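Chain nomenclature is as follows: A, B, C and D, assigned in order of appearance, with residue numbering initiated at 1 for each chain independently.
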């Protein structure tokens, strides 16, 4: 099924993500705004952070009979509600398909997994671009018909290469980036161009075993479970807001290569769940924690 | 900590469970009702069954400044909202502690588990009464200071004994019953006195292995996971609405007694989660399915 | 990495699978046979079925200094040990790469997953052949460079088509078959050609929800976990010996399409684990149960 | 069922735990020693550490017709095998019931859980003694008929109090100690009296969140799974060899007190599994890792 067909099959709806200081009447105000204007709410999930007293909401409604025209919804919402309640908000239309770039190094399993989910229609997304600091996975990109660019990185060239990458991402109109076992640390400067829009997979249950070679460390420590963590990338390595984690049991009989083999399946599944949530606009980051609407 | 102290520690709040045909404006109407009367919403979870187009909601608000007096809330809600929207609803006050009876036979592990959770304050509930068709667990009841009644059951005496049990339950003002590995089938007549208020633990992942000796059957079949299921009891054996399920891995090296040993922990945890949800009024049954608010 | 390179990288070892009536001295006899002939044991796992009093063993040793020549090992073992202890046994050489056929219908996720694991070197196997009763997945086969054959099946043509399939499998020297969501029931006659050598993935935790549309049934029943089961195919539908099972949690908020989406990941992982175990010769079927050596 | 009856019900068997440098013929030598002397092997699990080239084995055989008398087995094994192969070994008789002390502070859930498992016969062990640095759980000890001693600890009294505790443990002939949420760090000197015989439960998936208040840290970090770890206590806090770990999912909607509530069940189950393994002599520590025989 082509992406354009998938797009048509989708509801024509709008998704609103909000957070603001908690106070009485927020839910009533937002739902009134929608229902008074003939919007049919098809999803509502809200949450109040009990520590910071912050209100979070994801609400989705059908556009079919909605009285406010599509291109005016943001303006009206901002004027009538957001300013009054000091809301920060974002608006997404269900039929707008995001554009994703994949960064890889040498390991192919997450790349194959993402491309397969895309080809089978599980991920409704455009993937025009794969970037790598190594040439190894060019053939996989070709097999799936995606443009592949090789940006070798050395300490000396890093800044310049990132600059070129940013230009390429702009040219391809990329909305968000998935690091599919990309074994390079991105500079703070690079990350700032895509705040909460770069998704990484780290092969441990963070905060255990950050940094390099977590399977080796886990093996050394003699743990009985290993894990994987998908998180948004921030300037601090492996410390960004966690989107999803999962684990699998291991035993003393598992060798290091068993850890790596079992871990691969975890990495694929955990990263895929995080990407899926991002595509549904079901994540909202606040204070280095990720609200995951269900 | 005594139950009365726990009671005081709790918020003074009211919990409303609703279901009704879905239509526009339901959330707005309910939240307006609360906020206009100065209620502070501390919990809201709602769900629309996409197949039956039914709306479900659990909403909780603090009573501190609420303008409608406690004893009038039901009446006002019914008049102003429930009739208009054809809502079925129930109202619970957070400080009202439920009264629970436990039915057991010979196996003590779930009984010990429930009584421990009660004594340690995890379950805020009154447990005045344990009933059994065998005398074996009388000592456990005594150890925890709970009245114990022995009702031997034969096919001939079953109807009469159940009648006596019902009278005892009434006398003790029991709100709901937990079958903690009670190895007798309750008659439809008995069950009708406590609709969706009898919680059973079955030692398999239903609908696999209903009826007697599920661990034996699981062992015979050579499954690689075993499970436990907690459900509300209905007239149809092991077919009531499921509240909670979980599983644990087994292998060919596990003997039948390993299945039973591993299963015990599952039974305890799965039953405890179901009881906890029931005590928080977080379950709502519709068409043999259980909505579990999170 | 090409399969031939992977082959070379492997230990040059031999794997022996045994089962026989249990009696004293079996382990000592087998390990003596190996060590006296200068074989270095690198794996030993044994198990005694306590119900049937049957002994099972998987033992692997390096061939480097083994005194008995490779092609004589079976004969010697049979003469010196197997007859004496009434052993049934099979012998595999680590460097012999199995040949696998994949049967599919219309759903691509398991097919993509298997082919990706093959291409990335996780499955060391030859995959020369994909068969299908529908033409839909021809493009995937081509993308991965595997021959694709379309055998449409009707009740009238089934016997003849299976006959043609069997001839094709023989021509391609296929060792075992993976049904990657193949939505046709194989006849008993077909199955008998590949005893314990056809691996199926069923999308439920068997024995719950056998047969067609298990996700629909699970959704109807309101279960809180869904599962997947990989098993060897026998004449009785969905009743063959189970190799691997796993589950994932669902809630009332999950729609049928969420069940299907979450289930896909389970199916892929559970099938992949079963195929991996089969490739390592770590499974042994006895009385409709699968011994899975670890 | 009384412990003495349980003792009689058990097989009369002997369990041997071995580790030594790996070499050819070890399994054959050990199994020959047993079978030539008419011992019937009922359990054998062995493992070779591929990094350190160390061989580990747990083997159990029935004593019924064994030719070497019970009290001579150790001597004969040592003379005939252990010295030759540089084996370190320990011998346990299935009918010898271990004596366990429990250390607690204020939290009762693990204590209730252990005592329940003991009373219901799941743990075949003697529990003559509970020690605590707080008086709070005296009533629980009394409820289960176990002696309770209160040893308040201050930095000044710690050394002396530990000395008194050690004398008490000796007086009660304690074999091993379970720290059931004991919130005091034991000195290295104390630990050395019970090497690999003090089992702790830590309420995180180590090495994440060692030290105090791991649930608070986990909540702060925004993790999506929380865990518990049972390990043998060494001088280095929370760094001893891990026996068992498990995790449970959490979400942003879980408050700190939900973390603590969900964690309690994990702690109980993970600690109980570790204690059960220790009681079966299924653990063997080597280089800060725990071999867990299955």
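Everything that follows uses one rule, which is that a residue touches a chain if its C-beta (ideal position, glycine included) is under 8 Å from a C-beta of that chain, and two chains touch if they have at least 3 such contacts.
Computed from a predicted model, the values in this text were never measured in an experiment.
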{"item": "Pair from A-D, B-D or B-C with over half of its contact pairs in common with A-C", "value": "B-D"}
{"item": "Remotest chain, chain A as reference, centres from CA atoms", "value": "D"}
{"item": "Chain centre separation in whole Å, for chain D relative to chain A (CA means)", "value": "42"}
{"item": "Rounded Å distance, chain B centre to chain D centre (Cα mean)", "value": "36"}
{"item": "Multi-chain contact sites of chain D, meaning residues that touch two or more partners", "value": "251, 253, 294"}
{"item": "Chain contact topology (line, ring, star, complete or other)", "value": "complete"}
{"item": "Chain B-touching residues of chain D, taken from the complex the two chains share", "value": "108-109, 112-113, 116, 119-120, 122, 143-144, 251, 253, 261, 264-265, 269, 272, 294"}
{"item": "Of all residues in chain B, those that touch chain C in their complex", "value": "47, 50, 205-209, 221-225, 227, 241-247, 251-253, 255, 288-292, 294"}
{"item": "Complex interface listing, chain D residues touching chain C", "value": "24-25, 27-28, 31-32, 35, 38, 40-42, 44, 46, 48, 249, 294"}
